[in-house]
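What follows is a pair of complexes built around chain A, which joins chain B in one and chain C in the other.
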Partner chain A sequence: MRKCKTDALDAVFAEIAKSSLLYIPTDTEKGAEYKKWSDGMKMSNALNTVRSPKDFFFPQTEDLMEFKVNGKEIEVIDTRSEKEDFVVFGVRACDVKSFEILDRVFLIDPCDSYYANRREHSTIVSVACTRPVETCFCQTFGIDAAAPEGDVSCWKTDSEVYFKANTPKGEALLAKLEGITVDADDKDVTAQQEKTREIMKKLPLAELSADKFGAGKTEEFFNAPEWDELSESCLGCGTCTFVCPTCQCYDIKDYNTGHGVIRFRCWDSCMYSDFTKMAHGNPRLTQKERFRQRFMHKLVYYPSNNDGLFSCVGCGRCLAKCPISMNIVKVMKTIGKSE
Partner chain B sequence: MQKVTSELLVKKASELLENGTVTRVLGWKKGEFSYDLTPAVFESGEELIKDFVFSDFSGANFSKYLIKETKKADGKVLVFLKPCDSYSFNQLLTEHRFDREKVYAIGIPCEGMADVDKIKKNVGDGIIDIISDGDRIVVKTLYDGDKEIAADDVKAERCIVCKSKKCVAYDELLGDNGEVIDSERFDEVEKLEKMTDDERFAFWQNELSRCIRCNACRDVCPACTCEKCVFDNPKSGVENKAISDSFEEKMFHIIRAFHVAGRCTDCGECSRVCPQGIPLHLLNRKFIKDINEFYGEYQAGAEIGSRAPLVNYTLDDIEPVDAVKKGEADNA
Partner chain C sequence: MANIEETLIPKIGVITDVRIDTPDVKTFRVVTPDGKKAFDHKPGQCAMLSIPAVGEAMFSITSSPTNTEFMEFSIKKCDCVTEWLHQAEVGQQITIRGPYGNPFPVDDEFAGKDLLFVAGGIGLAPLRSVINYCRHYRDRYGKIDIVYGSRSKADLVDYNEIITEWVTDDGIDVHLTIDNAEEGWDGHVGFVPNYVKELGFDTNKTVIICGPPIMIKFTLEGLMTLGYEKTQVYTTMELRMKCGVGKCGRCNIGDKYVCKDGPVFRCDQLEELPDEY
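Presenting the complex of A and B:
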């Protein structure tokens, strides 16, 4: 483990930025956002950035390829650009876990090369939480906010910042920081972790359990009567899916430029009426079915396909942002109640 | 704090359910925390007693839900209308969007709603409970114990500049009706008008470039009730889920603002729900202000069946050239 003084963090950022792009969460008037680091930028202490860091790997809109039409010739142009290396510094434990969930979708065969390209060029530095809030429930999914994963894990105490490399990429990053950091024992980190874990136990959502959900539970919950009341006032706006770090659906479309076509993809949402539209329309006819899809996917379908791993990380963004304050916590508590 | 209590509304609603006047009740349902109430349909007195809440967080406007709810079943549905909700209610009736006969409306007074984001900004994170006590609010926090703040400091923007305490639609009124207020809601618009073109462009660029095109603003808007929005219709040619930071979002918002111009009641729901904190109400208020100045004071939803200036023609209407001149004068 290595450490530096808190006020040396600026020097750490400057050192990292010498060899790669660096993004950190920084406070804006409308909440914390990841921004490209520039001299003097301060790292936010907020837990959640407004937009999740999935944007780094799976941007809301991206061009996939272009077609140029020339008489009878159609030229296919690969618009992929080789990514520069980049570092994302300050990712919370829940959001770090979301990358694993996305990886399992985009990196399995056939691998999504656009996503893979970005993943390969990234180094993730996580930061441990010390002040979880009422909407946090990462622990429900076995995530330890005090021991975040990532290429490098980092802990901020009052006066110092501790770093631990977890991967070769992480070691390479810490090697660059050798002049700024010194060797450290883990005494202060352990003390901080114990304190945070005690706080976690007292959070309002500490008792929330996902045990009744998981792989193979489709039959049990699909026809539950509570979906009606839960989805009753859902606007179908898809805000929950757009702010969610693990929602991964997209649409592929063509844009006619007049002398060719740009094929792009953009986020889509199972909450939308035109989602997965086929010749006969959307197979999910009502908002209830669309609503059910989102939560069944997180709590049942995804685990069924991914060794039991849930695809919610308990970040709480949907709790804070849904216009009608409906969310996965309310769903988990309500569904199956009448059984 | 609200002057009407949850208990009073529950009692009222239970009576109306029991005597058969209504078969279901639209209301705010208790959440996980004190600030996350969800619009819900209640069908029995027990349900109401268990979960119905009217508090400083009952901001959600139910008028638009009536379109769906009145079609769902026979019998009347009870809706509680805060003064601003009642304008949306009338506007929807003007546009023939639901069957008035299937609704029983109770007008309720409102002291203004709280904005939980403002509370978080004021007292910090980790809020476990919020208790209203007169004009003070006590916030119980995870880290800093109890904190007391003035209710006025955390009022929602739309309530600070509330345009009317008068319920304009109801079958029954709880308490006394209030008055239309000479509010300061156009002050912010004036500030924007005073900017140079470049400054104003930069302002909106900064705001709208954050838009994630979730469409929550449209979906919650009581003036947006088209069966199929052009932005959801693949056949329209403008349907587009892609965002591009240059043009797309601005067009979406400008088109929407034009579409609701003269029909927007300034209920403020669009700004309330925007996950990106974009002040959409400023766009709509600019239209309202212009309409007032060009055609005389007009408040959408003030009465049922009124002819909005933009779909009406009178010989006194302003000449387009004068409107252009005014725009130039504003910018001078």
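Presenting the complex of A and C:
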């Protein structure tokens, strides 16, 4: 483990930025947001960013390729380019876990080369939470906010910042910081972790359990009567899917620039009424079916295909942002209750 | 990075023949610009075809894998992509990617079996690939029955191939039907599910069905009353698709992605999925 004084963090950022792009969460009028670091930018102390860091690997819109059309002829232009190395500094434990959930979609055969290239060029520096709030329930999914994963894990105390490398990429990053950091024991980190874990135990959602859900539980929950009342006021606005770090549905569209055609992808939402609409009808006719799809996917279908791993990390964004205050916690508490 | 293959980036295909099948179905022959087949496939697999700035859509490869020269797609006019294709001429380039999805188990479960194909309308498109594969390797299969129906005679896809090639093959019985009687038609009249029941097949057959959902539903019910088990019946599903490789989430039902775990399913496997198709 290495450490530096808190006021040396600017020097740490400057050092990292010498050899790669650096993004840190910083305070804006919209709340904390990841921004490209520039001299003097301060790291936000907010618990988490408004938008999840999935944008780094799976941007909201992304060009895939280009076409030139000439009469009856078409030319396909591979516009993919090697990304630059980049470091994301300050990712919370829940969001770090979301990358594994996305990896299991995008990196399995056939590998999505757009996503994979960004992943390859990234180094993730996580930061441990010290003040989890009432919307946090990462522990429901076995995530420890006090011991975040990532290439480098980092803990901020009042006066110091501690670093621990977890991967070769992380070691390479810490090697660059050798002149700024010194060797450290883990005494202060352990003390901080104990305090955070005590707070976690007292959070309102500390007892929330996902045990009744998981792989193969489709029959138990699909026809549960509670879906009706839960979905009743859902506006189908898709906010929950957009803010969610693990939601990964996308659409593919073409855009005619006048000089050519760009094929791009953009986030889509299973909460939208036209998501599954077909020529001969729509298999998910009402908001109830769409609403059910989102939560069944996170709590049952995804785990069925991914060794029981849930597709929710308890970040609480959907709890904070849904205009009708519906969310996955209410779903987990309510579904199957009448049985 | 450009040397890593990316499945979303398509190849170029050229339309080398357009056949008018019915008032709203045309069959397109497609090869690469150097005149070859774009890729190999198995019966039941699909390809994504697109026209830049119009859109991309999934279609069954209706030609048999044993055809090594070109691929064919029978396409029903719906809206954007299909409408555009319907006005395309020979020589038009399109884009093509695939093959996607799992095929019918023609070399495993189907081998040595008597086969019963049941199709309605454009639903013949995916089955034609299987039928012609089985005709090519005729001695690997037992008796073959084909029940095919459409609204009218003019709506029967591949009618010429059916009456000039399929009906003349030994050990193949073709049973055609149309919804309403019309002049010049002396064949059977009535809906496909009823015709299947009337024909009353032995229950030792393996059944392959494709057609409108309502036809599949009633045919299945009919087969069950004849004494068939769901494990003997295969079908192919159609859901909205975008990526074709299990990533965009579009075709997810239960823990399956129809684009990669389907579109071919055995009916007992289908039973296990939530009723959302």
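Keep in mind that, in the parts below, the second predicted complex is superposed on the first by the 329 of 339 C-alpha atoms of A that agree within 3 Å, B and C clash if a C-alpha of one lies under 4 Å from a C-alpha of the other, contacts with A are read in each partner's own complex, and residues count from 1 in each chain.
Criterion: a residue touches a chain if its C-beta (ideal position, glycine included) is under 8 Å from a C-beta of that chain, and two chains touch if they have at least 3 such contacts.
Quick caveat: nothing in here was measured; it's all calculated off a predicted structure.
> Taking the superposition on A as described, I'd like to know which of chain B and chain C A:Cys237 touches: first, second, both or neither.
After superposition on chain A, A:Cys237 lies in contact with chain B alone.
> Once the structures are superposed on A, label A:Asp251 by its partner contacts, choosing first (chain B), second (chain C), both or neither.
Touch partners of A:Asp251: chain B and chain C.
> Mind working out whether A:Asp268 is in touch with chain B, chain C, both or neither, as first, second, both or neither?
After superposing on A, A:Asp268 lies in contact with both chain B and chain C.
> For A:Ser81 in the superposed arrangement: first (chain B), second (chain C), both or neither?
second
> Answer with first, second, both or neither: which of chain B and chain C does A:Thr276 touch in the superposed model?
second
> In the superposed arrangement, does A:Arg284 touch chain B (first), chain C (second), both or neither?
second
> Answer with first, second, both or neither: which of chain B and chain C does A:Lys217 touch in the superposed model?
neither
> Both chain B and chain C touch chain A; at which residues?
251, 255, 268, 277
> Could you please specify the touching residues of chain A with respect to chain B in the complex?
30-31, 47, 50-51, 60-61, 131-135, 199, 202-205, 229, 232-233, 235-239, 242-243, 251, 253, 255, 264, 266-269, 272-274, 277, 319, 321, 323-327, 329-330
> In their shared complex, at which residues does chain C touch chain A?
Spelled out, the residues of chain C in touch with chain A are 1-2, 4-12, 52-56, 78-79, 89, 91-95, 212-213, 238-240, 242-243, 245-250, 252-255, 272, 274, 276-277.
> State the interface residues of chain B toward chain A in the complex, per the touch definition above.
Listed in rising order, the residues are 31-33, 36-41, 60, 65, 125-128, 142-143, 210, 212, 214-216, 219-220, 232-234, 239-244, 272-273, 275-277.
> Spell out the part of chain A that touches chain C in their complex, as residue ranges.
64-65, 67, 69, 72-76, 78, 80-82, 105-106, 108, 110-114, 116-117, 215-216, 218, 222, 248-252, 254-256, 261, 263, 265, 268, 270, 275-280, 283-284, 289, 293, 296-297, 300-301, 304-305
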